[in-house]
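Labels for the chains are A, B, C and D, by order of writing; each one numbers its residues from 1.
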Amino acid sequence: MKKFLNTPESVLSDALAGMAAAHLDLHVDQDAGVIRRAEQTRIGKVALVSGGGSGHEPLHGGFVGTGMLDAACPGEVFTSPVPDQMLAAAKAVDGGNGVVFVVKNYTGDVLNFRMAAELAADEGIEVQTVLVDDDVAVQDSTWTAGRRGTGATVFVEKIAGALAEQGADLAAVAAIGRQVNEASRSFAVALTACTTPANGKPGFDLPDDEIEIGVGIHGEPGRHRQKLAPAREIVASTMDAILAESALADAGQVIVMVNGLGGTPLIELYVVFNEVAALLAAKGVTVARSLVGNYVTSLDMAGASITVCRADAELLSLWDAPVNTPALRWGL
Amino acid sequence: MKKFLNTPESVLSDALAGMAAAHLDLHVDQDAGVIRRAEQTRIGKVALVSGGGSGHEPLHGGFVGTGMLDAACPGEVFTSPVPDQMLAAAKAVDGGNGVVFVVKNYTGDVLNFRMAAELAADEGIEVQTVLVDDDVAVQDSTWTAGRRGTGATVFVEKIAGALAEQGADLAAVAAIGRQVNEASRSFAVALTACTTPANGKPGFDLPDDEIEIGVGIHGEPGRHRQKLAPAREIVASTMDAILAESALADAGQVIVMVNGLGGTPLIELYVVFNEVAALLAAKGVTVARSLVGNYVTSLDMAGASITVCRADAELLSLWDAPVNTPALRWGL
Amino acid sequence: MDIALTRHWVQAIAEAMDEHKDRLTQLDAAIGDADHGANMHRGFSAAATALETFQPESVGQLLTKVGTTLISSIGGASGPLYGSAFRAAGKALTAPEPDAAQFLVALRAGLAAIQAMGAAVPGDKTIVDAYAPALDAFAEELDSGGDLAHAAARAAKAADDGAHATIPLQARKGRASYLGPRSIGHQDPGATSTALIFEALAKVVTP
Amino acid sequence: MDIALTRHWVQAIAEAMDEHKDRLTQLDAAIGDADHGANMHRGFSAAATALETFQPESVGQLLTKVGTTLISSIGGASGPLYGSAFRAAGKALTAPEPDAAQFLVALRAGLAAIQAMGAAVPGDKTIVDAYAPALDAFAEELDSGGDLAHAAARAAKAADDGAHATIPLQARKGRASYLGPRSIGHQDPGATSTALIFEALAKVVTP
């Protein structure tokens, strides 16, 4: 394993210290395990809290700031945070009108956030949970833990965050978060496995000419493997999987994210985005907004995910609303 | 070689098409090999043109936009663009008050930009060249082609771009670009080699427990190799090299960039930044502004570079000036 | 089961997790995200440390404290599951020093908590596949007149068998379920850590 | 040297660059950035294509066109260097169909352009280390009464020897200079492509 780190155990605290040093708009409370805006929540503003295992940077800490999250709770690498963190976050950022938990659908995240929500309720903080489950590589059936939450998290946090900033109430903020999740679907392909600091070696072996289809963002193997193929073919089958589930055919406009998993350079992401845009154009779908870059990563995994969100005028205007976070910034 | 691409030959044109589809503020002229702002240059504004081999994304195309570059000329992967491109760019974006070429110090870039400057002069366009040579891994002596241009390019483009936007004249814009270059020094360390699409395999072999010290951004080997070490030690020796050359000891304030080379995830860059910040703090140097992320990459190389720029109040205020490009955006 | 013995149990679990950290992580790498060893090690180290300065009045209080500590230190799926199990077990105990049968009731409350929370049934390739057969064996031994030591020994064996028996199963809960049929052929990490917990119990209660 | 022969030369260079693309790229990978093969191939393919529809009135015009095309299509260090060399050679020719001695003058103008532009001297581990000895050999053969074919053959041999002789050198120009002493032990890619250019010349002028 070759990584920039001091010890495998200190990666998270060192990285958090680095975030604190780099982003003076953020307050990083290492003891509580909470990254939050340095500024106190405006009285009456609904607060957004998210979190999950670390190793997905800039998710979630990089999305804390005006117009997006109020706080994020980083767990250990690929490990959901503990309820104490979300409780501390909720207490720190509650503006009196309740807190929305944005939770990616993993057993660990769901259970820990559920416990935190109960603890918060005990302390008189009203919590609504928005569960993100956009990954069509997993069938949503009783045979699985349900679709995973991946790229759509960025869309949910951005759009619900914008509505919260505008002063909407708890129910409305949660509702739009759920609406964005419903309108979004993702699929990811890995060219290499990733290496967690604790494990020290790649999570799976992948021959030099094979790729892993339908991976998540925790280094777990995907649904199957296949031979490496041209970007056009990989994108075509990925988009088939996405479009099959999300009834985008009749969608006039979409927001698209082509997201790098950590080890894939931007030049390749643009190649992928080009294929996505061409394919959607051929279907008569307009890419109204887009993101191309590393937003939801899986440590050093080479690979990419594609997320498509059906967007109406309201979602687009919330998307365009000002945002000022380490990883997403415009209008401010 | 596992990459998202259609053919090794089409990477660049596919990626440029992707950029064009993703960034509607940009006009990508594939035939001319020029990425420029969609909007015409304001009459009287000095124009900034940069360029270089591709494979360093977001450099340079990702820095085209208000407050930074007017145009960028992408060469083939790791190959300087040809003079025709820079000439076409200069003609397209000249606002009547001259053009600044921001050129990284590589023989190829220098020669091709020099030819372009002559051709532009023939057409009545006044050109000033700012040569960026910040990489202290290379000794600036008659024994070498001189220090390479790397991370400082981002600082030069941002700050000179801001001054140009404010209406300064050609001499002033070029002068501040040179000042920023003089005030900036960089050093890079690679954990892995990178693979160019044309070559199809890593540029050098690096054992599993060794790292390459003093690499450039073209996959060329560095000055020497050593055993993998904790981030703190790597940063300490890197900063020694930087501080030895740039007389930062008496610098009150600096802008720092911790830059990923393409295959290194953000969590590790924050670990590195944390060490840099701690080390500078111990020396009484204030990190006034910072960037942590992938800005000047070397395809899929795992590694990081550190750039430090001594900054006075003027440079900081130009740094803070609004910028709206695909890769750097604030205040707009 | 008295307080001292229960302390030893937690201590023994912590040691086992330390020893088997890498194996658990490798099992999790195959069908999960390669953190189960680190998770269990972090959680039970924290529990052991917490107990150093904790003076409970009953085994129940001690187990509740362990559960709370696990919840606050593990995260992941296993944190809430094991944490709730220990808390439920602790809360189910009324006698300060339970006998074997009372202890079985507590262990059962633990399993119930896991199932209430995670909705896994036997065969889903989870903790439950080691935990449930362990309790059956424990109960059987008590029913046929065995003491705590024998019951724990049989439970440990049954848990270990149960963990092995997860190999041919397709996961239907947790992260491994994402792999569909590809989860077949690998032993479940959570079932394996459960087997270690029962093995530690057998060790400390065997005179 | 007539126009037809010069066309054949450019065609032969294009073929050689196609054939040796990977070797040049490998040499460049060792001490540069692994693009010299692709660069030379792109440039001379473009030159050959440009000539298909170009009807020059002199060898000089043809060489100038080749140079301009190389500049517009290669990029990198080698584009301006080789491009300027061909342009300078073309411009140095006044006779429409130069004899061997006039052709040598043109080749010399090419080398002068490279050195004026890149400031490399023999021993810097560049194109110059193949180009300069090639011209010396070419001149020597003419001086001792040899014809174009013999002069070109000796130049090709000298260029190839010169390219090999770059192996023990430490680079002082171009990208390879960044490696300092680590550039020792590798053959310079640019010197190697120069050897291919002279080899192509020898091939086409040998009856």
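Criterion: a residue touches a chain if its C-beta (ideal position, glycine included) is under 8 Å from a C-beta of that chain, and two chains touch if they have at least 3 such contacts.
Only a predicted model underlies this, so the values are computations on that prediction, with no experimental measurement involved.
Undergrad: If I average the CA coordinates per chain, which chain comes out farthest from subunit A?
TA: Comparing chain centres, D lies farthest from subunit A.
Undergrad: Quick one: report the Å distance separating subunit B from subunit C, using the average Cα coordinate of each chain.
TA: Whole-Å distance between the two chain centres: 54.
Undergrad: At what distance in angstrom does the C-alpha mean of subunit C lie from that of subunit A?
TA: Computed from C-alpha means, the inter-chain centre distance equals 32 Å.
Undergrad: Roughly how far is subunit C from subunit D, going centre to centre by Cα mean, in whole Å?
TA: Centre-to-centre distance between subunit C and subunit D: 75 Å.
Undergrad: Using Cα averages as centroids, what's the distance between subunit A and subunit B in whole Å?
TA: Each chain's C-alpha centroid was found; their separation is 29 Å.
Undergrad: At least two other chains touched by the same residue of subunit D: list those residues.
TA: none
Undergrad: Select the category (line, ring, star, complete, other) that matches the graph of chains linked by touching.
TA: Looks like a simple chain-to-chain line, open at both ends.
Undergrad: Touching pairs of chains, all of them, please.
TA: A-B, A-C, B-D
Undergrad: Using the touch rule from the top, collect the residues of subunit C that touch subunit A in their complex.
TA: 25-26, 29-35, 37-39, 42, 71-81, 117-118, 170, 172-180, 182
Undergrad: Write out the stretch or stretches of subunit A touching subunit C in their complex.
TA: 53, 75-84, 106-108, 111-112, 114-115, 137-139, 142-145, 148, 196, 198-199, 203-204, 216, 218-224
Undergrad: In their shared complex, at which residues does subunit B touch subunit A?
TA: Against subunit A, the touching part of subunit B is residues 2-7, 11, 14-19, 21-22, 54-55, 57-58, 62, 191-192, 208-209, 211, 228, 230-232, 234, 262-275, 277-278, 287, 290, 292, 294, 297, 299-300, 302, 304, 324, 329-332.
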